[in-house]
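What follows is a pair of complexes built around chain A, which joins chain B in one and chain C in the other.
So, the complex of A and B:
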């Protein structure tokens, strides 16, 4: 029996799936409220103090960090394969993977720092 | 995900191997391919939505919510977010519908039908959306 080579692919697919579910459940309503309805004046912007209190809540911060990290890795994983298929650059998979997951990692660090920073 | 669709990426290294020319516009050749690519491209807007969310949180924590609101109200920003809304909804519908294909759930030896899993997913989507809207908008 030949020893199986260890590969990070299953974990990347797991992050992709988890991120896909979180993105599906959370993002449409966030974009609808803050990106469309409030800017158009259909719904009033909430009180700044109310949003501040909300963002200061521990559970909300943990949820935000989880949402950001999972969604970024979901997007990175999909972008990796989309760019390779669309542009025919699959031979550069290693480099593309590093750029995609590296970007997701950088965004995750920014988000986690933001959520752990006490204000 | 589906490398076999694009062709020409097999590991055959023989010099005399036949390599068909790559079709650069393969995604325009059938409706199925086009929808597939559109669905994959929703990831760009998932990433944008996260950037937008982080900008919002930063503005809330930093006390610059009015400036953020002014930026969000610019016509190009609203246009961008309308596209992002369409993309994230498209992602949500297709991704939640995919679940029964990825996992087979058996209860009492019978396979739980796809519509039940999909219905459960869409119910969860509606509940989470309502919860978020309630928490954000209650005053």
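So, the complex of A and C:
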């Protein structure tokens, strides 16, 4: 029997799936509101003070951070496999994985810091 | 049977590879009668019986049960006994061996790699502890049967491997049918294994990028892509919650 080797894939895949679910649920609504309905005048633009007050709430910030972080890891996972398979560079998987997930991690740190210090 | 003058014909371009004779596969064209009730396999049998006895291909049951006659028909992985020549009229139609496997001769491919992978996932009911006597029945409810029945329809025809871009790029990938058959036992209420040691590997379920071609080409309507994604959920949960089994 082959020895049991620990692989990071289950954890990376959970972040990827989580990101997929969140992106599919949240982003279309945001695009519909801010990209279509508000420019068309179907829905009124929220005023800046209202948005600022909303973003000032701790729970809203945590939710925003979760959405951004999961979406970044979703994108990293997709970019990793798409580039490896379309460009035929699967033999550099370790390096590509470090670049993709590293980018997602860096973006996550920036996002969390913004959510923490934004006034 | 003699071919009357009115019988239309269809040209079959068949990949030939004769080890020791051909450096690489070449196409050879044969004109066969285009009959409404002839499958591609009937065309190949006609060639072998009447036109060129040296053509080699695998077949057995002629009715989509044995899984021997999988080939690439006009670029697509198909069971040749269930694919009719009229679909490709007026022709020509190209017959090649299954992609992704070494060719032994003509349309015959080497499937040893798959057989080794299949036995590695323990495709049988694994039981632990005391066994009931051989005469005992192990009854299942219709729901328990439904949980795995779909995956038990697999006939090991290997169309899913041939259609899978991950397998064609990386032959170490465990592949759709072996994982679907592992799930056939994992989801069986009589089985006590979860095959985590052989499925939770980078070349097993985590190699799959959910292209979904395996499910599209399966002639028995097994859904290997779903089987793999379901196991990813089980394996991910088991990795995060190490105390959870199944």
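To be clear about the criterion, the second predicted complex is superposed on the first by the 105 of 119 C-alpha atoms of A that agree within 3 Å, B and C clash if a C-alpha of one lies under 4 Å from a C-alpha of the other, contacts with A are read in each partner's own complex, and residues count from 1 in each chain.
Note that contacts are C-beta pairs under 8 Å (C-beta built on N, C-alpha and C of every residue); 3 or more make two chains touch, one makes a residue touch a chain.
Computed from a prediction, not measured in an experiment: that's the story for all the values here.
Once the two complexes are laid over each other on the shared chain, residue contacts for A:85 go to chain B and to chain C alike.
By the touch criterion defined above, A:25 lies against chain B but remains apart from chain C after alignment on the C-alpha atoms of chain A. Looking at the shared chain after the overlay, A:64 reaches chain B, while chain C stays out of its contact range. Judged by the touch definition given at the top, the superposed model places A:9 against chain C, while chain B stays out of reach. Measured by the number of chain A residues touched, the leading partner among chain B and chain C is B. Residues 17, 81, 85, 88, 90 of chain A lie at the contact with chain B in one complex and at the contact with chain C in the other.
Chain C meets chain A in the complex at residues 165-166, 169-170, 197-198, 200-202, 206, 209, 232, 235-236, 238-240. Chain A contributes residues 1-2, 4-5, 7, 9-11, 13-14, 17, 81, 85, 88, 90 to its touches with chain C in the complex. On the side of chain A, the complex with chain B involves touching residues 17, 19-21, 23-36, 38-40, 43, 45-48, 50-52, 54-55, 64, 67-68, 71-72, 74-79, 81-82, 84-86, 88, 90-91, 107, 110-111, 114, 117, 119. Residues of chain B that touch chain A in their complex: 1-3, 5-6, 8-9, 22, 24, 27, 37, 40-44, 46-47, 49-54, 56-58, 60-61, 63, 65-66, 69, 72-73, 77-78, 80-82, 84-85, 88-89, 91-92, 95-96, 102, 121, 124-125, 128-129, 132-133, 135-137, 139.
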